[in-house]
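First chain written, first letter: the chains are A, B and C, and each begins at residue 1.
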Amino acid sequence: MMTSLTTALSNFFFEYETPRQVLVKDKRVGVVCRLIQLVVLAYIIGWVFLYEKGYQTTDVAIGSVFTKMKGVGYTTVNDTKRVWDVADYVFPDQGDSSFVVMTNYIMTVGQTQDTCPELPGIYNCTSENDCKEGDYKRTGHGHMTGKCVMKTNTCEIHSWCPVENDLQIPDPPLLISAENYTLFIKNSITFPQFGYTRINLVEGVDNNYIRNCIYDQVKDPLCPIFKLGDIVKLSGFTFSQIAIEGGAIGILIDWICDFDWHARYCRPVYNFHGLYGADEAQTSIGYNFRHAKYYVEDKVEKRTLIKVFGIRIDVLFRGLARKFDIIPTLTAIGSGVGIFGVATVVCDLVLLYVLPKRDFYKNMKFKYTTMKEAEPVLQMNNTEKE
Amino acid sequence: MMTSLTTALSNFFFEYETPRQVLVKDKRVGVVCRLIQLVVLAYIIGWVFLYEKGYQTTDVAIGSVFTKMKGVGYTTVNDTKRVWDVADYVFPDQGDSSFVVMTNYIMTVGQTQDTCPELPGIYNCTSENDCKEGDYKRTGHGHMTGKCVMKTNTCEIHSWCPVENDLQIPDPPLLISAENYTLFIKNSITFPQFGYTRINLVEGVDNNYIRNCIYDQVKDPLCPIFKLGDIVKLSGFTFSQIAIEGGAIGILIDWICDFDWHARYCRPVYNFHGLYGADEAQTSIGYNFRHAKYYVEDKVEKRTLIKVFGIRIDVLFRGLARKFDIIPTLTAIGSGVGIFGVATVVCDLVLLYVLPKRDFYKNMKFKYTTMKEAEPVLQMNNTEKE
Amino acid sequence: MMTSLTTALSNFFFEYETPRQVLVKDKRVGVVCRLIQLVVLAYIIGWVFLYEKGYQTTDVAIGSVFTKMKGVGYTTVNDTKRVWDVADYVFPDQGDSSFVVMTNYIMTVGQTQDTCPELPGIYNCTSENDCKEGDYKRTGHGHMTGKCVMKTNTCEIHSWCPVENDLQIPDPPLLISAENYTLFIKNSITFPQFGYTRINLVEGVDNNYIRNCIYDQVKDPLCPIFKLGDIVKLSGFTFSQIAIEGGAIGILIDWICDFDWHARYCRPVYNFHGLYGADEAQTSIGYNFRHAKYYVEDKVEKRTLIKVFGIRIDVLFRGLARKFDIIPTLTAIGSGVGIFGVATVVCDLVLLYVLPKRDFYKNMKFKYTTMKEAEPVLQMNNTEKE
């Protein structure tokens, strides 16, 4: 028993089986098949390996974005000059990757918790019967008290009073000077699988360069300081228009890296695009939100409500790195060999079903185990000289 | 030398080798093997290609979310009516993808920088010896001054005074009316590799539709306006319960797109789920944070501290797009051919080791290079008619 | 016609073709080829399957992070004691995944909209001619009025006055006590494809444990409460240094899960690293932003501007789950078979071009369809005993 196992094992190790093959000396089928095989080989080497870099594995980056606006804006409303600096016009203030730059606003100063008439168009009334106490609408500013204010023909409501009147949006926008603000972006990304970390202040972008540069797609594509007006223009908007009702812009930082090369070639590319369809569907354009500043005056809590129209900027990043790895390499080779097998099948079909001497080739390729249904084989058998 | 190379090359190009095969006319092995091959073929075509769409490459979306709450809330605390609008109850206010809607609160009005007794339970004392000056605990509200306040039996501390007393959470929640607030979500996604951009205001969701619709899983699955009460219910919570101590809810917008079809079929699906185990581990339920409104009264800096209990909503999105690509197609085919090879190996094992005529088939399949160890072959040799 | 199709079909189903092979009984080639095949097999089974788990499909997590700081800080500036609690030193306050903890600050109390001299270094002047009315620089604090203030030798500007003087950053940092603050992190992740949800309060991390634990890489690697000083140290910074000008730190929560095992083995690992190159390029170190608190005093709008230097913490997470799936399994097998084919090609090359008996083997392997160019075959033909 032991011996037979040993014999089997030694047999297994000392012998090698290789497929027997027919060598068809036929110019037509030879050229056709070699061409098919060359195409497959070219595809595997040229396309999968060189062009698509199938020998590499990929890693997706995680990271963090820090932003900082600079610039001062001025408004003159009712002959009152007002200066707006970063702490005034950026929301939120801590340098998030997603923030809003105010470009226009409706300010309602000194609101208190009180009762006052609603805006026209929401709870119109001609008598107290139209104003049911406690009732309210989702789009209204508060609950009705039950009174009808004759001066405005609207119901009286409990609310922050006076109610903000946002029916008229200032045009031209109050903070048109926002166009000259600058945005500084810091983006740090990590490829956790490969263990590389990069920031967008790459080689050559040092303190000296940053102090004076402004991003330009052609001349300064690596400068991390952007003029707000440029960002808007590169996204396909017109500043004077988007500034009125606001809009949303995405700055996409693209990191396409190949770590088979030195990490210094891993550099960011900045792309700009409008986020919420400014053109196509005119559904819900603009970007606004309400911000309140609370204070106490004469023991009464008050607030200044600002309806902020602004440009929301989302700094997104996408990091895609590639690096040589043995698994995808061998998978690509293995599946390439499989495709070679497909080429062989195609050639065999040509050989066995298309060529004039197909019966002869069929006979050479195949050997039949039983004679009963194999008459054509017997006929041709003498041509075989083995 | 040149000639022999040319000959070799022309030989290579004008000839073609194909494996020689044995055609086994045996019903059992034939049926078994054809079935195995059909199963493999069905798997490759049906499963890999049609079901899993193995001929497609995938792309993951990046994007941006904008949210906007609407609605007014009322509270009556100590006979004081108070109205809460969006600027009061949403944190942060600029329409982020992650925000908190206040549903309950503990307000401490008029805190100043002063000394006052700590809450019971943190620095209990019976005499000054229990209160070491300058000492403090991580969970306390400030550093001890060294005095013991006899009225409360707690140490006196430097802090914002009076200290917030959050031992009793208002129940029922003060802003139970939050149930009727509505949330409007705008979500824009981009597939950078495929170059497609979609927003969740898809075809058919226009201004007219938006003005009146409320999301409903069955009737209005594409309406981007959600009732807060519905969101809570769809996440598996009860509003009156979650409103007391707060909670966290994820709204997942799922974009599963197949860009071999028209982009208009790429539509969002909204899913809702509780984020931090409301049920299982009772570890750290609720959601709260502290928000301060600063003001100056009589030259003294004061603040109103609000402990906000609320529903934190995280709007997440996942975009997964597929599109035909030649590489995965050929990889799938190539590896399918490989699996075909496995099927052949299985059939060969049946043929060579299971069937009664296995020795006969073995002899037909293999040709031995040496005669010494191949006696059984010689025996069977005459059955071969070649 | 019908019959011939039936015959063809029954022929197809009842027969089976298998490649004919040469069994080479040669110790050298046998050992070499078996070794090559074993290496390939070991690679496929050991590396692709066991080590890289090629039989699994992967899923990437989406999720949500909630943070909560605890601790009280003290400052003594100009003999004024001041206490700082969470509502004072964390920006933003609602428990975001990305937030800033103030460690140092420059406070400018009581700014109003007015005119005042600019800081030295921006608009220096010796006479009114140096100050062009309405002109401004991007890095300045406002527009010039046209006057030159002789006391400071700088132009007068419209601005929030007095202008913040940030030329001197307090050193040592004012809120050095921030080192003892603690950070509590809740992270919930969902693997949408696999349908698993996990939070970082895993089995064993219950209310009791959380009340007393502090994260420690060795002793308490699952405790979700972190001392700020530890976070800074683990990121490779020195607290007393980073606290002066601020910095950015990433806390990466790594979830590497294998759902072929029970979900309870899917546990978070916390990693800490500095985000924006503290060491290498000294480009733009530090982290600061400006925060304003608005109030009204004597009918005049004022604000307290704080230049906040702080540690920005970005809590990032990466969830990568694996689970058995039939497609990658069969793809791996299929492409492994392909690589086996490559091994066969290598062995054939050895057999046909390297071995001394190569012509003999060549003759056994190949059968030629035409006799003309096949003289060497005829010569060797008698050695074949078939």
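The definition used in the following text is that contacts are C-beta pairs under 8 Å (C-beta built on N, C-alpha and C of every residue); 3 or more make two chains touch, one makes a residue touch a chain.
Note that the structure is a prediction, hence the values are computed from the model and not measured.
Visitor: Pick same or different for copies subunit B and subunit C, depending on whether their interface residues overlap by over half.
Guide: Both copies, subunit B as well as subunit C, present different residues to each other, with under half of the numbers appearing on both sides.
Visitor: Through what angle, between 0 and 180°, must subunit A be rotated so its C-alpha atoms fit those of subunit C, rounded to a multiple of 5?
Guide: Best-fit rotation on C-alpha atoms: 120 degrees.
Visitor: Roughly how far is subunit B from subunit C, going centre to centre by Cα mean, in whole Å?
Guide: Once rounded, the distance between the two centres reads 16 Å.
Visitor: Could you say which residues in subunit A touch two or more other chains, in rising order?
Guide: Correct list: 17, 19-26, 92, 295, 331, 334-338, 341, 364, 366-367, 373, 386.
Visitor: Could you list, by residue number, the parts of subunit C that touch subunit A in their complex?
Guide: 11, 17, 19-27, 29-31, 33-34, 43, 47-48, 52, 54, 91-92, 98-100, 113, 136, 138-143, 158-160, 248, 250, 252, 254, 273, 275-277, 281-284, 287, 289-292, 294-296, 299, 301, 303, 305, 308, 312, 314, 316, 318, 331-332, 334-339, 341-342, 344, 347-348, 351, 364-374, 381, 384, 386
Visitor: In the complex of these two chains, what residues of subunit C are touching subunit B?
Guide: The touching residues are 12-26, 60, 62-64, 66, 68, 70-72, 74, 81-83, 85-88, 92-97, 180, 182, 186, 188, 190, 192, 197, 199, 201, 205-207, 210, 293, 295-297, 302, 304, 326-327, 330-331, 333-338, 340-341, 360-361, 364, 366-367, 373, 385-386.
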